[in-house]
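I have a structure here, written as structure tokens, and I will follow up with some questions on it.
Going by the order they are written in, the chains are A, B and C; count residues from 1 in each one.
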């Protein structure tokens, strides 16, 4: 296997007396599709938060393409290639859908050139934004405010925004929670399409058929520790995983 | 369209002394323009980024006292014309620095802690100034105007000069606010205001932008305060740190509308003029009470301010 | 020997003062610490309480502490009404924190200006039999003027903690801070619980105000000086820890007293500011926070 894109080593995080993550190790290869599963409270979102930089870990190391990013603020990590979507969509509510995309486009994708911002630059950003929206079938809502969007449209906006940051690694935190069968397939298709373009995806999901169908490799957490890892077929049969979800 | 309005405004500012005979109106005009700058300064951080500054008086007074400090420091040069032009940038620098330091100490934390810190800062600065004999302490300092009117070829009186100076400062402040609002900085600040964590994850350097806004805001507050000693002739802590400035700096943008640079302008013009008009007819306390009540009413009923109401009437959301 | 005397004196004053500070801050510990309502006007309500006690003393020759206790139900009701307005205007709409804070700031301003208009800017002091009396313990003088409010503060804190710990409503208030959903499943209406909590918060201002009146001369703008103090105490104690306000209050009181004694009284406000920044910088959860 080629050099890993993301390396997490010995990551620990405590909240007061509660240990959310215990010395977690994890690896994501370039362009890989990894699923992250585990019962509620096992530390999945905490892990994502530490990787993206929203939280600072207590111990451990995070490397992106070999570079140590453990102490970098979140916006720097985004610029280096990590993007995330939130479990509950968090759009910028005072802006239209297109303006929402303009933020990562301006601050990540087109960085450096906004100091000499011109009409040309603004048009480029607008075009790229529309292009992304078209891929998500969201272009008709380009000028809508977030409050006018449906649940699935909001989730697509989350992904579109993450995509606008031109990531190498996308952290998708329960992107399909609360969606119906057809909508789940729609989002899965988008994620697969992103992956074919070389973007690695680390997906947290509870919807088993989605995770197992999508992932090349699955990592299972329980009570802050990694308890199992392997292909979807193996994980599904693993008694350790079954115990974690169902109890003794 | 905008540039026509700008040139017209600038023209009015310079023409006003000639059009308006009474010096009283020029003094009133100075006060109203001063509030426009204060409101605009507040809005840079409060309206654009969502961080509430309750201690506007601290930065404003620091600006005024920088002038006093320089005035006292150079006794030989107490009266030269060009000193007045030096005071303004100096005040802006000092107040801006204060904004930066406050920001560095508190902007990593939740917005509410920044706000409380600004309140506490006002009290602390008041204490510092009251105990500093050199710049007048509790008793204050009287400032003598220069013997000759600066730029005498343009102005007949000192009051005229100060009015035009404040007018130019106002136009510059509005230009600055408009520029920031429409630039990539303004968009980043809006993202911070809407959802700071999401903005950070989308690549916005939130801390740096907030520090920038805090520094610029502080700087403008200081610039608004710089000519004050010359305008009123006497500076002492009680009035310089008056709650009036803190409330107006907040109420005017919130009543006018915090989303754009027009809101503070509108709020300050309306409220400022009303306050000045009311001051001669009703007590100054009642005046302030009404301002406070208006603030509450608008915050509860019309959060988008007057600009927001106008937009809704016109049909654009 | 002289220095030790001064030190012990300052320490004693600090402890007594700290206890009273606890009373000033305990209401905020409920409104800000538990309910996450940034009530900047809290000290203003305390000043309002002080004026109420002063008036009662003036009209009915009523003892200030008694006056404070009598006014508590009124303040409680005002608190409930105020929370209702706050909830309907801001919390329910999910408005930005900015507007809630501006609301309370406007309120603080109106209270201060209203007091100035009604009573002028003269200082008001409490009239009571125990003011001016001092207990002597060796060379240490303990003014009753401070001791009595100190004891009342402790009593008030104890009552409040008992209420929060032992009654259903009290525990519900604790719960609503942590898990709204669980509270609803228990059959309690979160909004009503929060109303009661905020009512208690403001109710404490009545007594706290009367205590303030006893320990210092009060005038309308005095509230603003105490904003730093009360928020520093709540943050130092840790958001969510009501019992911690006693320890935090004592620490702040002692620190302020020592600074005032050895560096001059005008630097006292800077102490709370400094403590606030230090806590937020190094240990944001405070001493006992969640």
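A few points about this structure:
We adopt the following convention: contacts are C-beta pairs under 8 Å (C-beta built on N, C-alpha and C of every residue); 3 or more make two chains touch, one makes a residue touch a chain.
Note that the structure is a prediction, hence the values are computed from the model and not measured.
With centres computed as the average of Cα coordinates, no chain lies farther from subunit C than A. Contact analysis places B-C first among chain pairs (by count of C-beta pairs in contact). Separating the CA-averaged centres of subunit B and subunit C is a span of 32 Å. Separation between the centroids of subunit A and subunit C, computed from CA atoms only, is 45 Å. In subunit A, there is no position where the chain touches two or more neighbouring chains simultaneously.
Of all residues in subunit B, those that touch two or more other chains are 193. Contact residues on subunit B toward subunit C in their complex (touch as defined above): 46, 50-52, 54, 105-106, 109, 111-113, 115-117, 119-124, 127, 130-131, 193, 243, 247, 250-251, 254, 283, 285-286, 288-289, 291-293, 295-296, 299-300, 303.
Looking at the complex, you find that subunit A touches subunit B at residues 52-54, 73-76, 78-79, 83-84, 86, 90-95, 99, 102-104, 106-108, 111, 114, 117, 145, 161, 165.
Note for the complex: subunit B touches subunit A at residues 183-184, 187-188, 190-191, 193-195, 197-207, 259, 317. Interface residues of subunit C facing subunit B in the complex, by the touch rule stated above, are 38, 40, 85, 89, 95-99, 101-103, 105-107, 109-110, 112-114, 116-117, 221, 224-225, 227-228, 231, 235, 264, 266-267, 269-270, 272-273, 276-277, 280-281, 284.
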